[in-house]
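Reviewing the structure listed below.
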Amino acid sequence: MSGVYKKIDVVGTSPVSFAEATRAAIEEAGRTVRHMSWFEVAEQRGAIKDGKVAEFQVTLRIGFKLE
Amino acid sequence: MSGVYKKIDVVGTSPVSFAEATRAAIEEAGRTVRHMSWFEVAEQRGAIKDGKVAEFQVTLRIGFKLE
Amino acid sequence: MSGVYKKIDVVGTSPVSFAEATRAAIEEAGRTVRHMSWFEVAEQRGAIKDGKVAEFQVTLRIGFKLE
Amino acid sequence: MSGVYKKIDVVGTSPVSFAEATRAAIEEAGRTVRHMSWFEVAEQRGAIKDGKVAEFQVTLRIGFKLE
Amino acid sequence: MSGVYKKIDVVGTSPVSFAEATRAAIEEAGRTVRHMSWFEVAEQRGAIKDGKVAEFQVTLRIGFKLE
Amino acid sequence: MSGVYKKIDVVGTSPVSFAEATRAAIEEAGRTVRHMSWFEVAEQRGAIKDGKVAEFQVTLRIGFKLE
Amino acid sequence: MSGVYKKIDVVGTSPVSFAEATRAAIEEAGRTVRHMSWFEVAEQRGAIKDGKVAEFQVTLRIGFKLE
Amino acid sequence: MSGVYKKIDVVGTSPVSFAEATRAAIEEAGRTVRHMSWFEVAEQRGAIKDGKVAEFQVTLRIGFKLE
Amino acid sequence: MSGVYKKIDVVGTSPVSFAEATRAAIEEAGRTVRHMSWFEVAEQRGAIKDGKVAEFQVTLRIGFKLE
Amino acid sequence: MSGVYKKIDVVGTSPVSFAEATRAAIEEAGRTVRHMSWFEVAEQRGAIKDGKVAEFQVTLRIGFKLE
Amino acid sequence: MSGVYKKIDVVGTSPVSFAEATRAAIEEAGRTVRHMSWFEVAEQRGAIKDGKVAEFQVTLRIGFKLE
Amino acid sequence: MSGVYKKIDVVGTSPVSFAEATRAAIEEAGRTVRHMSWFEVAEQRGAIKDGKVAEFQVTLRIGFKLE
């Protein structure tokens, strides 16, 4: 990969799935961070309401290149 | 969140996906446990049959409020 | 389960989802390994391109019976 | 210690301190569980409101003897 | 395995061996839990008295099917 | 919780207690970060001087909402 | 030890004990692998049937020299 | 810090708090060890008696300079 | 348990079993350490010779009271 | 150390060694971060090309004082 | 990266340094494995003789593409 | 290896490299400990000064035979 990278932890949430929560986290991060290169799933959790999954929450470690 | 909570470990299974296994675990737990508030994914495994995924298994740590 | 088993680490990739990456890993492994019995998810990562998830990567630990 | 024990996970909360959250968890658990013998601190978290600690949350693993 | 399972933590003790402690834990758990299916060894400890092993203690995570 | 969150690691220090170190970390973080929502204790250490605790150091993982 | 080694994961099973499961794993591995040098216990699990231990399962990481 | 250090594990106990248990451990260690420089909290446990916390137990990893 | 304790890491070995290796470690430690109170199994390994287990090695963390 | 610190994760890369990758990460981080005080090695990886190490990659957790 | 990969554990040794041990492991692995793509450092150990480092040992997890 | 061993934690430091810090730790330990047999790298950290690595710090777990 060459160069120097930074990793940040971002938590995405979605009422639908962990996949959607993952996409939400990366899209939101992309609004302020450029050159994102990879992500690692660090944690998967969720909220329950009325006996059903109300929200999927995924913590991603996102790596991006420093310019 | 205030109050005191208990966490229990429940394993859901599904032939379709981890998402379905997650929902199955929470629904089943909800038959005897009330006030479920959150879950944490502790482990993801599965069974293989004839070279294909036969079952998705997810261990959830479910938190619920004690009354 | 009885008998002796071996575990190997296989990384599946997919542009669509972790579920697809899981299936890809097991199908590919099945081309050279017989009697696969279970898998454990060891790691979930992914590649990002142009601010979007470009690839889902899942490391599976696959157990199969030795004959 | 002799005999057989069970461990349960209980989360105590307090606006004051982790110590208070610990005591709250054990007192509440004691309402339904007898012969509690020891606890292990598994996790320490908390809630923040208006830039200040609003709640201390501690997950205890409590061991008690089965009769 | 299909269906939904619960996991509980049980600590068995024995003056003789970890094997005996394991059997003691499962037998005792079987008095109140039905459909036990598997166990995982989570921790192995022991007590020492007069410079000798006085007690073997093993923490098992026991999985059983919910009906 | 809905929305996207970021987690940052902050180390608070105090000559008095881990509780004070926790409050110091969150207050300081609050000077540049808004919408802080929760914290997780990641590490507890300290400095010793002349055979006594000279400083309590706590590493917090602080979660806050991205706007 | 000098030279280059490979590590493989092998799961041994036995109805009698973890010790027997360990020996079974190493003997079976020895049928195809030469120059085995050491093993590390990575995981201990087991199957339960009719409220009793039906099978001990041990995952070994076996190191052997590459020729 | 320069030089070579040793780390030892010391368990402090107190009927009052983890803070007191921490201080007790360091003071006692200081009776035989000189040049103690830092500590890391490795484990927090406790004893329960009559449904109340009877003792706080903290395992510290203490670093000190070798002369 | 009250008082202050120290923990040391001792590795026992035996050609027969982990149980024997455990006893060997504690007996040897008892020659220089008094007031041993408990042990924790930290690691289980072994040596292989001619395709068979040649030695069981167990690392114990032994706790003893400081006088 | 006194005061409040922040930790960030930086990945350095080098075709030569982990040492060079470490220095590269810290130098690059120093272009935007002041008062860096310590680092912790969190992960060591690398790229392989044509059967040889093509790149050393080290993830550092860098601590620096907040002003 | 696309496609399916396998990970194997290889231990390299060298009397000189971990860097040499890393290169030795990858070169040796390259004699039977093609398309090696990355490695992860899993463990660093060594042998001591006459009070000096006699051998550096590094366990690498090597990833390579399956054809 | 046969016999009983003890493991101690020693932290070596060096302004030059982790390799030098490793050698420093083992040499210093060898002044009071005999029959050192192996070491395990438990932690790698360092100090930063004026934006540069000022010191490499490595924690070794050193095993030696008890006579």
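Brief remarks on what is shown
Chains here go by letter, A, B, C, D, E, F, G, H, I, J, K and L, matching the order in which they are written, and residues are numbered from 1 within each.
Everything below uses one rule, namely that a residue touches a chain if its C-beta (ideal position, glycine included) is under 8 Å from a C-beta of that chain, and two chains touch if they have at least 3 such contacts.
None of these values were measured; they are calculated from a predicted model.
The minimum number of touch steps separating subunit F from subunit L is 2.
Interface repeat of J-K: among H-I, D-F or B-E, the matching pair is D-F, sharing over half of the residue-numbered contact pairs. Put simply, the chain farthest from subunit G by mean CA position is F. Centre-to-centre spacing of subunit G and subunit K amounts to 22 Å, using the average Cα coordinate of each chain. Look at where the CA atoms of subunit B average out and do the same for subunit C: the two points lie 22 Å apart.
In terms of their C-alpha centroids, the spacing between subunit A and subunit H amounts to 38 Å. Distance between chain centres (mean CA atoms), subunit D to subunit I: 31 Å. Chain contacts: subunit E has residues 8, 18, 47 touching two or more partner chains.
Chain pairs that touch one another: A-B, A-C, A-F, A-J, B-C, B-D, B-E, C-G, C-K, D-E, D-F, D-H, E-G, E-I, F-H, F-J, G-I, G-K, H-I, H-L, I-L, J-K, J-L, K-L. Here subunit G touches subunit I in the complex through residues 18-19, 22-23, 26-27, 30, 36-41, 62, going by the rule given at the top. Subunit J meets subunit A in the complex at residues 8-13, 15, 24-25, 28-29, 47, 55, 57, 59.
Those residues of subunit E that touch subunit B in the shared complex are 1-8, 61, 63, 66. Against subunit L, in their complex, subunit K makes its touches with residues 17-18, 43-48, 51-53.
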